[in-house]
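These notes are about the structure you will find just below.
Should a chain be cited, it is by its letter among A, B, C and D, assigned in written order, with residues numbered from 1 in that chain.
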Amino acid sequence: MATAIDQKHCHSGVTVTHAISHDDVILSTENLTKHFGALTAINGVNLRIGPGVHSIIGPNGAGKTTLFNLLTGFLAPDSGHVSYRGERISGLPPYAISQRGVARSFQITSIFAELSVFENVRVAVQSRLKASYNFLISHRSLKDVERKTAEILSRVGLENWADTTAKNLPYGLQRCLDIGISLATDPSLVLLDEPTSGVSREDTTNILQLIAAISRRLPVVLIEHNIDIVLSISDMITVLYQGVVLAEGPPAQVRDDERVQEAYLGGY
Amino acid sequence: MTENTSSRSRAILIGALLAMAVLFPHIAPYQALASEVLIFALFAVSYDLVLGYAGMLSFGHAAFFGLGAYGTGIFLVKMYPSVPLGLLTGLAVSTLAALFVGYASIRRRGIYFTMVTLAFAQMFYFIAFKWTGLTGGDDGLQGVPRPQLGPLDLGPEINLYYFVLVLVAVSVALIFRVVNSPFGKTLQALRENHNRAMSIGYDVDRFRLIAFIISGFFSGLAGGLYALLLHFVPLSALHWSTSGEVVVMSITGGMGTLVGPILGAVAIILLRDVISNYTESWNLVMGAIFMAAVLGFRGGIMGLLKWRR
Amino acid sequence: MTAQFVLMQLFNGLILGSLYVLLALGLSIIFGMLGIINFAHGAFFMLGAYVAYTITTYLVPNFWIALALVPVLMAVFGAACEMLFLRRLYTLSPLYIMLFTFGLMLALQDVVRIIFGSMGVPFPTPDSLSGAVNLGFMYYPKYRLFLIIVTVAISVGVWMFLSKTRLGALIRAGTDNPRMVDALGINISRIITLVVGLGTGLAGVAGVLAAPIQNVRPLMGMDFLIDCFVVVVIGGMGSIGGSILGGLIVGEVIALGVMVWPPMANTLIYFFMAVFLLIRPRGLFGREAFHD
Amino acid sequence: MQRRSSCTSKAALLLALCTVVAWLAGAEAEPVKIAVLTDMSGPYAGITATNVEAAKMAIDDFGGKLLGEPIEYIHRDHQCKPDVANQKSKELYEKEKVDVIFDVPNSAAGLAVSNQAKLHKKLFFSIGSGTTRHSGPDCNRYTFDWAYNDYMLATAVGLWAADNLGKKWFTITADYAWGHDLLKHFSATKKKKGGKLLGNEMVALGASDFSPYILKAMQANPEALVLLNAGKDGINATKQAAEFGLKKKAKIVHALLFIDDCKAAGPEVFADDYVTGAWYWKSDNPGSKEFVEKWQKKFNRPPNWMNAATYSAVTQYLKAVERAGSKDAPAVIKALEGHKFSDLLANPGYIRPEDHMQVGKAYILRAKRPEEIKEPWDYFEIVGSIPPEEAYQDPKDTGCKMDDF
């Protein structure tokens, strides 16, 4: 497993630049803040996301998932804003943000349980079409959608499971399907929330390979618990602690940061 | 793969259903009951679009059924004796009502959605109850005519049955189409996982609203036909118990299958009619059937059929 | 319209509200636990009145004994229903459990009709509580005052039980998150039985208390059931405090509506609920619904 | 061989001919078939379900045969739902080929069945539903309204109350068509008698709490509180009126109250209240005692006045068929129109040809106090009666335009 990760690291490592130049920034936040009652979950966060794999780490309750929810419109910030390709997207509903090209997966597997694997992806591919509102034609008539669905399925390694009902998939494959659904929306940025949590070693390898493959085409933002994975796969790491950015930089720099070590040890 | 065999078996199923529908009034206890069964089958199918496919437990569908009936009835009684125009009026009224109720309630989720739909339906009931000049109040809207339709005399029950059959068959076919359209597939996705559907770019509330309106449209058609069948509109068409009835039919038959709610409507209406001829305790019998249905064959009649297979 | 009348009307709202509170409490905790609307709740209410009638007519002609026995008997009945039937259904969609309770409602009402007839049975006010007392601003029936006191006592009792006892804490935890209680190694199914029993017992008490001022008949629960849905929704599904406050609010809305435009009084609560839910989507103290 | 076959064919022909003749003859003497369509499981079932027995008894007492054929009988439960009533009436007229339907309580249901009777050109005797529309704007040649209507209920007791209880009244009205109808006729009576209406409260159907209305009534201090409601509403209102002590100050007058209500609520609830009745089981009309005795023997309780009305309607229908010599609807209708008779219900009774209302005396009943009741079910005392001319609206004013066949 270690070798696999190392290899990936080599692959993606090539594209890394330390400071992302202004033109490369796809998504950025400015002074993003969110309170839940007395708790400040996210506090004045400034993020700049560029190409490659950008990981967000931090102990439980650091505000990682809240950050994702703010980026994708599931939550509205109390102050500050999110910009995507120069457009302010905070305040937009989640579907509008998705339509602009930001895809996400969820920490707890989020698929369409009673539908077939094929249908899970098909409906996501279809989401880009106005035809989704058409209730007078057969869904089978959208041939392009079917073709693209098959393509996505093979990309995430589910081509042999197309007719299986999603809830009957083995857990590791459900996580792949979750990622597949995100990819099917033709995104230009992918946010993955702990894609390997609760997954067996073997499946973890598969998923990491998948992420690496994706990151070659698209920028990926990753929330991940496993420090080893993070260090091996990321081009950039942001450390959140109690809603504040504690440290930011390439893996080596973050690894050596004393505050990070302290926070992490304290957090666990 | 199984595409061919499944489409052939589907064709056989549809053919068998249609053949049965044509013969039905001759084997049903009486002809008018056969029409009633069809009308409630349509009501249940259109309700299933909302409950079974979009996953919204509406408890206010009596409003659309009842307003369809009143719209049709009032037009026929007070304005002009034409069946198509009457039905169109009923459809317009119920669709508008569905738009209004849907718009107000669609953002609520779960049980709160259910209760808002109930609240609006109760208000329509109250308005119909009070506006006696227009609706006849609790005496019902009496004396709805069944004017000649071109060469077709709708007076005899058997003629009305075939008229109803044609409209119901076309409607059910349309609803089947809706369910298997890109739109219908989206509905099922958002029923399964609301947040996921939103995160892949679907304006979930909009889909729910459209589904609600389509459902209200066909419920209104069922209501309009009911007015023709009865020659009058009972106020009870708007009562919450009518909503309860269609929910029960859907669940008993098997939600999210379309065929299930049809079977549910057929079974419940026929059973009730027949049982009530033999015993005053038909409520006890129906209650026992519902309980046994849930305990015994889960997933409704359709679940039972699948399980047998 | 005199001030005295308004005051009296507020009092009447309190009485009506009291019955709603008792019914809604049971309905609400069962909802919190199982995530279902219990359609049989109105039938439990009716059954409570009939059990009291049977006790006072055929066993001991004493209202107080009936008042003490009925909640216990009804709780046992509810718990039995849970253990015999509902328990088998938890793996299904809540809709099927609702259909089951709907069937149970029809069956119970009809069984009572077959045994006691559809016209109902007499149920006089107990002698010690008949007549009126002078409240200073008006004469008010003793029985109604008694009803308010009992409701307050029961509400406080339920509140104390749920908030001060260990068992109550478990129930609250179970209502919040059944899985968590299970994870703590506590037998959740026993807690569910207890909650259904408690809810049914509360419906039974409401039935006994309503009997002297209502026509005791098989369908008496139907009139209350839908109103109670409104109460529970306004209060917030699964919330104890919400049921109490919601019950009183609905009682007062009806009572005050009666003064403004009587025929509208019963529909007013639906209008009120619709507007209320548009402003406060989860009711007063509501949480996310179970099968949201 | 040849001959033999011709022989058999002749025999077959003869047989066929015989069959046809027999069939034709049979068609000629098709038996009279009557149906009772009533509420047997809904809210009125406690009053009306036994009407089925009353009809059977009437047929038995008639001899069970008419026009040389045994009388056929069938009944259906409409569950108090107008849509079910409407559908069941179609079943009865079309599939079961009944000649007449009796009863159909609930105004909406009654009106719907009346319309079906007209469409099918068969008879309908409305008994349970009280709406004046049957003998008013919605009258038709095929519908007869038996024993009572809302006008009679409100007017009779109003006239009597004005003379005997006092002229200051307060009304509590059930807020639906039936209640409004009663209020209209009651107010007219009040005007005629120079009474004074101190106030009226409209109460939503299904309201279980009457205390605010009782309180308003008490403030007005009337001599009589008039309850224009029925069934559980009547019981609830009366229970609560007693609770607030209103009964100590004023008499309560009901629009509709049956012995079954007294049994259900307990006699102390209605003690000393007044109501109109079309009949009471202690009345001494011809045949009344025999009917009650028979009923007592069979059901161990006396009949209510709906039962008597059903018995009377069925009997009068059968007699009309006998007079007409045919079950043909127009012939039977002509035999009924303007007919005068005396039976257990009405002594004398008269079927007005103008609006098909069957009229008779209206009885004023007083509910006995518990200590006055010496015999089970003897809840009422007849304290007066109002002649039909006063109890029923003049047919000129009903708004009925009787149509042709």
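The working rule: contacts are C-beta pairs under 8 Å (C-beta built on N, C-alpha and C of every residue); 3 or more make two chains touch, one makes a residue touch a chain.
What you see is a predicted model; the values in this text were computed from it and never measured.
Annotation of subunit C and subunit D: jointly contacted by B, touch as defined at the top. Greatest Cα centroid separation from subunit A: this falls to D.
Each chain gets a centre from its C-alpha atoms; the one nearest the centre of all protein C-alpha atoms is B. With each centre defined as the average position of its C-alpha atoms, the distance from subunit A to subunit D rounds to 75 Å. As a whole-number value, the distance joining the C-alpha centres of subunit A and subunit C reads 48 Å. Averaging Cα coordinates per chain places subunit B and subunit C 32 Å apart. Per-chain CA centroids place subunit B at a distance of 36 Å from subunit D.
The set of subunit C residues touching two or more other chains comprises 110, 113, 263-264, 267.
Contact of a single residue of subunit B with at least two other chains is seen at positions 281, 283. Shared contact sites, meaning residues of subunit D that touch two or more other chains, fall at 41, 45.
Two chains count as a pair here when they touch; such pairs are A-B, B-C, B-D, C-D.
Across the interface of their complex, subunit C is touched by residues 57, 104, 107-112, 114-116, 118-120, 122-123, 125-126, 130, 194, 240, 244, 248, 251-252, 255, 281, 283-284, 286-291, 293-295, 298 of subunit B. Those residues of subunit C whose C-beta lies close enough to touch subunit D in the complex are 2, 5, 8-9, 12, 15-16, 110, 113, 117-125, 130-132, 139, 141, 143-144, 212-215, 217, 219-220, 223-224, 254-255, 258-259, 262-267. The residues of subunit B lying in touch with subunit D in their complex are 29-33, 36, 129, 132, 137-140, 142-143, 155, 157, 226, 230-232, 234-237, 273, 276-277, 280-283. Contacts from subunit B toward subunit A in the complex involve residues 177-178, 180-186, 188-189, 192-193, 195-204, 207, 210, 214. Within the complex formed with subunit B, the subunit A residues making contact are 72, 74, 93-96, 98-99, 103-104, 106, 110-115, 119-120, 122-124, 126-129, 131-140, 142, 181-182, 184-185.
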